[in-house]
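Across the two complexes that follow, subunit A remains constant while its partner is subunit B and subsequently subunit C.
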Partner chain A sequence: MASLNLQRNLLWIAVALAVWAALPFLVPRNIADLLVFTGIYTIAGLGIGLLLGHCGIVNLAQATFYGLGAYASAYCTVMMGWPSITGFLVGAVISMALAYVIGRPILRLTGYFLALGTLALSAIASALFFEWDWLTGGTLGIGGIPKLDLLGFVLDRPSRYYFFVWIVAFACMWAAHNLVDSRSGLMLRAMRDSSTAAAALSVDLQSLRTRVFVVCALFGSLAGSLFAHHVSFVSTQSFTVDRSITFLLIPVIGGATSIPGIVVGALFITFLPELLSKLGDVHQILFGLALVAVVVLMPDGLMGAWDRFRARLVARGGSDA
Partner chain B sequence: MTLSLILQAIFAGVTNGIVYALVGMGLSAIFKGSRVINAMQGEFAVIGAMTTVLLLTKSGWPYPAAIAGGALAGALVGAFIEVAFVRYMALKNASEDSFLLLTIGLALTLSASVLFFIGRDGHLLPPIGGEGVVLVLDAVIQLHALWLVAIGIGATLALRAFFHRTTVGLSMMAASIDADGAATTGINVGRMRTYTFVLGGLLGALGGILVTPLISVDYTLGLNLTLKGFAAAVLGGLTNPLGAAVGGVTLGLVESLAIIGISSSYKDVVAFSVLIVIMILMPNGILGRAGRRGG
Partner chain C sequence: MSLSKIARFATALAGLTALAVGAQAQTPAAGEPIKIGAIVSATGAGAGLGIPERNGLLLAEKDINAKGGIKGRPIKMIIEDDASNPDTALSKANELIFGQKVVALLGPSLTASTVAVGGVTHANKVPQIAFTGIGPAVERERKCVAHVLPPQRLNAQALLEYAKSIRATKVGVLHDAGYGNVVMAELRPLADKYGVKLVAVEKFEIGATDTTTQAAKVKAAQPEAVFVIATSATPFRNVKQIQITQPVIAAIGSSSYEYVNAMGTAADNIAIPEFVVGEDPLPHQKAFVDLYKQAYNSTPKNYEAAAWDAAHIIASALNKAGADATNEKLCEAMKAPYSGVLANYDFSADDMTGIPIGSFVFSKLVGGKYTRTPFRVSQ
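Take a look at the complex of A and B:
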């Protein structure tokens, strides 16, 4: 029975991989473009999912790190003429350093106060991105960011960039999975469910929370750099508080504790507005209503609703037999 | 830096601060009564102000009646949200995060609705008390700002009296402190929660109506006011609506005095940095009574 299950799982994985590899060639260019965004949002959402699902922390500052990654890539490649990899590295180092320095004091807050602290951070960063136009180009932005070049293979089409972004996304998902599965993951869950008990078992709550926050910032910055190389133009409008809220919705809609749930959330965030926009200007209202419906009707996110649906099917199948 | 400049800044700070205070008091009343962080509190201000604008310009109502209509619209939307969504989710024991997300979703819906039905344009209301100005030591103060301050202080005192003197207010306090105990003494806890949202909607709408002669109202105003109102409420200790009044005025003063020292474009940077520092250093709010732990 176990081997049968294993075989079935392997089959599912093979099918999923085949669909994933064939997808960019089967769909029109604008859909491939959205799939690239789904990958980028998955990376950014993963960090928030780790904080929300495993530490109980609402992070409303991800647009800050997303912006830092994007501006680092833009500045290093366009203004300095350095190779693209430097942009990724500079963004990651600055984001992680900032997350560490700011995370240390802010993460002492709990609950809503922490949510507000991160929201304030996002508001500050968004104002600074706007004011420091010598660095960010302000509202005019920085254009002409080159496409990524992988060993002479230019990723200039959505279908090519798709593979690169998703391989990075899978690597991040694997890293997140390992983190959750590790000793740190156990400590995280202990901390989320009862911080007093965890502290009594000599779990260093402060440094653990800070570490996850730094990982979250790293994912955010990585996603930002990928975004900059995809759209080749960055400006302040992409890194506002609204964007931070959108990022938070990804794990919430999909289900914060589930890593596949993050992908589902990212698909929801990228595809639903696009589908609804065919209905005209009313689409933003419908998106808001769809979000309310998900929150009210599916409190554990889409993945949670799916799990319960499957559990019900299994229960029914069992009673039939 | 002259005295009149400082005076001008202080007065502008108090004026803005009272608007933040009204939004924050509504937010804090709702949190106290239902443990819901209302991320659409600023949208109540937009609803109140927009309804007043429409009643005044499209339906030709007299100004005081239009203001009453706008405030009523805020209260009705508040009641609707409690009855339609919060009640159902509370029955299902929804987590605090999902209430926060519900209100974020509602805020997105409302701001998109304003954009769709009313458009991008900003709207202004005529100043209450006429266009006149008052000179205090060379500082120019609009007559409207004086009215705003007076109404804001009046609303704060009325709220205090409501919570301490009236049966409904005391029942709301009881229901929020100990729901089971309140239910035992015959208080309808669910209805008290509805009243809490009515109160929150009313205060938010009032803040929006009072600020609209100074800042034009459009579909983006809600988020900004929510942020400032939330900050005001947290500074005051979150569960204390009157603390939110103190928090709002503090925030307004910090913002406007920062403009004297630094460039005006860094207003939000200073306001939010001060907010973070106060949250970390004064974990019980400026008044230091209610607990800081948020959830």
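Take a look at the complex of A and C:
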């Protein structure tokens, strides 16, 4: 019985992999482009999901780390003429260092105050991206960021970049899954559900929260660097507080405690506005209504609703039997 | 038949032929439409630009088709909204170029989106006419991405020309951290050449709801004129509140009815170097202004005219190169001088715009209404 289940699971994985590999060749270029953005948003959303779903922290500063990654890639490749990998590394190091330095004091806060603290960080960073035009190009931004080149294979179209972005996304999902499944993951959940009880059990809340915040910043920075190499241009418009709110919506819509939920949330954020845009200028109002509907009707997100639906089906199947 | 009769007959025949050709030119276009893609910011922060641009594009489409289209074939404008987001603009460009197979792309409305989309159009040699001034250095390499709005250096130059005309040599500047910062960067080196001393330069945040402190510092420097460079009505209200009585010269970014209405009583005695004063258009702008008023029951300004020009420029290039011309040929056909409603362009220029300073007109807000001043800069 167990081997039958394993075979069935392996079959599902093989089918999913085949669909994933064939997808960019089966869909039009603009859809492949949206799939690339879905991958990028998944990486950025994963960090927020870890904080929200496993620590109960609302992080409204992800656009800051996303911007740092993007500007690091832009500056290193365009201004300095360094290889692309340096941009990824510099962005990651700066983001993690900032997350640590800022995280230590602000993660002492809880609830709304912590959310406001992260919002303030995002607002300050957004203003600095404007002001430090010698570094960021200000309103005009930095253009001409080269496409990624893997051993002479240039990822210059969405169907090629798709594979790279999603491999990075899968690696991040795997890392997030390991974190959640580890001893630290158990401590995180204990802290989320009762911080007093967790502290009584010698869980170092401050250190744990800071570590997850640093991981979140790393994911944000990676996503930002990937974004910069895809769009070939970065400007302040892409790293505003609005973008932080969009990133927060990903786990809220998809389901903060579920890693596949983050992918679902990223798909929702990327594809729904595109579909609704066919309906004219009211598309943003309709998108807002869709968000409200999901949050009100599915408080655990789309994956939570799906899990409940499946549980009901199983229960009905059991009672029928 | 005598020679004179032959001459009369020939003249009549020529007249009839000319009439027939004229009639043909006015025959509405028919046949398979030529698709032209456009991306505007119809929603989001850039909607103030995108909506007028969309109006200009739709009017131009109607006008071009009514006049026979491209060698008899109509054009079809496929307009997409990027929601003022460069990511969305990129996806929309991919859809229009590879999905809809448009022959050219018009727009987007914002610099960030223009540069993002330029990465795709440049790589695939698709002609693009952006509704922005030329942006970062990378845009100078993109020789098939034209711009129908002036580069910020020219906007800065126009401000200084007006200051010179009123003999203001000590100028204070109040500018925002976005658009204003970019114009300011061009203004500083030019000011010396015009013999203008910038006695106070004060910056404020984009979206600031109060700039009184900055305005007060400008006033304290006792300038002979004040430049306000922003996309907001707030600094104008503050300038009025703290009773700056010196002439105020605003950059084109704040020249829209939306901002003027928001200025309230402060919309008075403000000079603006711009291109279209719908209340008193230049002779070559009158037909467009009348057509626009008829279609939308409102007065057009610069962005409507820019979009109208972009559509006509691409139509002219298509007429020259042929509807089935390759992207390269269409690009080449586009790289020529063009006399538009907004300005006289020369797309073979290094900045892919070629607008001369003489294309500016200088308006003045008097009691909340635009009036055109007689001042022009010689070419």
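Basically, the second predicted complex is superposed on the first by the 321 of 321 C-alpha atoms of A that agree within 3 Å, B and C clash if a C-alpha of one lies under 4 Å from a C-alpha of the other, contacts with A are read in each partner's own complex, and residues count from 1 in each chain.
The definition used in the following text is that a residue touches a chain if its C-beta (ideal position, glycine included) is under 8 Å from a C-beta of that chain, and two chains touch if they have at least 3 such contacts.
What you see is a predicted model; the values in this text were computed from it and never measured.
Engineer: Looking at the overlay, what does A:A97 touch: subunit B (first), subunit C (second), both, or neither?
Structural biologist: Once the two structures are laid over each other on A, A:A97 reaches no partner at all.
Engineer: Is A:L119 in contact with subunit B, with subunit C, with both, or with neither (first, second, both, neither)?
Structural biologist: In the superposition, A:L119 contacts subunit B only.
Engineer: So, A:D33: does it touch subunit B (first), subunit C (second), both, or neither?
Structural biologist: second
Engineer: First (subunit B), second (subunit C), both or neither: which does A:L150 touch?
Structural biologist: A:L150 sits against neither subunit B nor subunit C.
Engineer: Touch test for A:A127: subunit B only (first), subunit C only (second), both, or neither?
Structural biologist: After superposition on chain A, A:A127 lies in contact with both partners, subunit B and subunit C.
Engineer: Pick one for A:V58: touches subunit B only (first), subunit C only (second), both, or neither.
Structural biologist: Touch status of A:V58: first partner only.
Engineer: Determine, under the contact definition given at the top, whether A:Q284 touches first (subunit B), second (subunit C), both, or neither.
Structural biologist: both
Engineer: By the touch definition above, which subunit A residues appear in both interfaces, subunit B in one complex and subunit C in the other?
Structural biologist: Comparing the two interfaces on subunit A, one with subunit B and one with subunit C, the shared residues are 127, 130-131, 281, 284.
Engineer: In the complex, go through subunit A and note every residue touching subunit B.
Structural biologist: Touch list, subunit A to subunit B: 52, 58, 105-106, 108-117, 119-121, 123-124, 127-128, 130-131, 241-242, 245, 248-249, 252, 281-282, 284-285, 287-289, 291-292, 295-296, 299.
Engineer: What residues of subunit B sit close enough to touch subunit A in their complex?
Structural biologist: Where subunit B meets subunit A, its residues are 37, 85, 88-89, 92, 94-98, 100-102, 104-110, 112-113, 115-116, 223, 227, 230-231, 234, 238, 265-266, 268-269, 272-273, 275-276, 279-280, 283, 292-295.
Engineer: Using the touch definition from the top, list the residues of subunit A that touch subunit C in their complex.
Structural biologist: 28-30, 32-34, 37, 127, 130-131, 133, 137-144, 156, 158, 227, 231-233, 235-238, 273-274, 277, 281, 283-284
Engineer: If we count contacts the way the header does, which residues on subunit C are in touch with subunit A in the complex?
Structural biologist: Interface residues on subunit C, with respect to subunit A: 42-44, 80-81, 83-88, 90-92, 94-95, 97-99, 110-112, 115-116, 118-119, 123, 135-139, 141, 177-179, 181-182, 185, 205-206.
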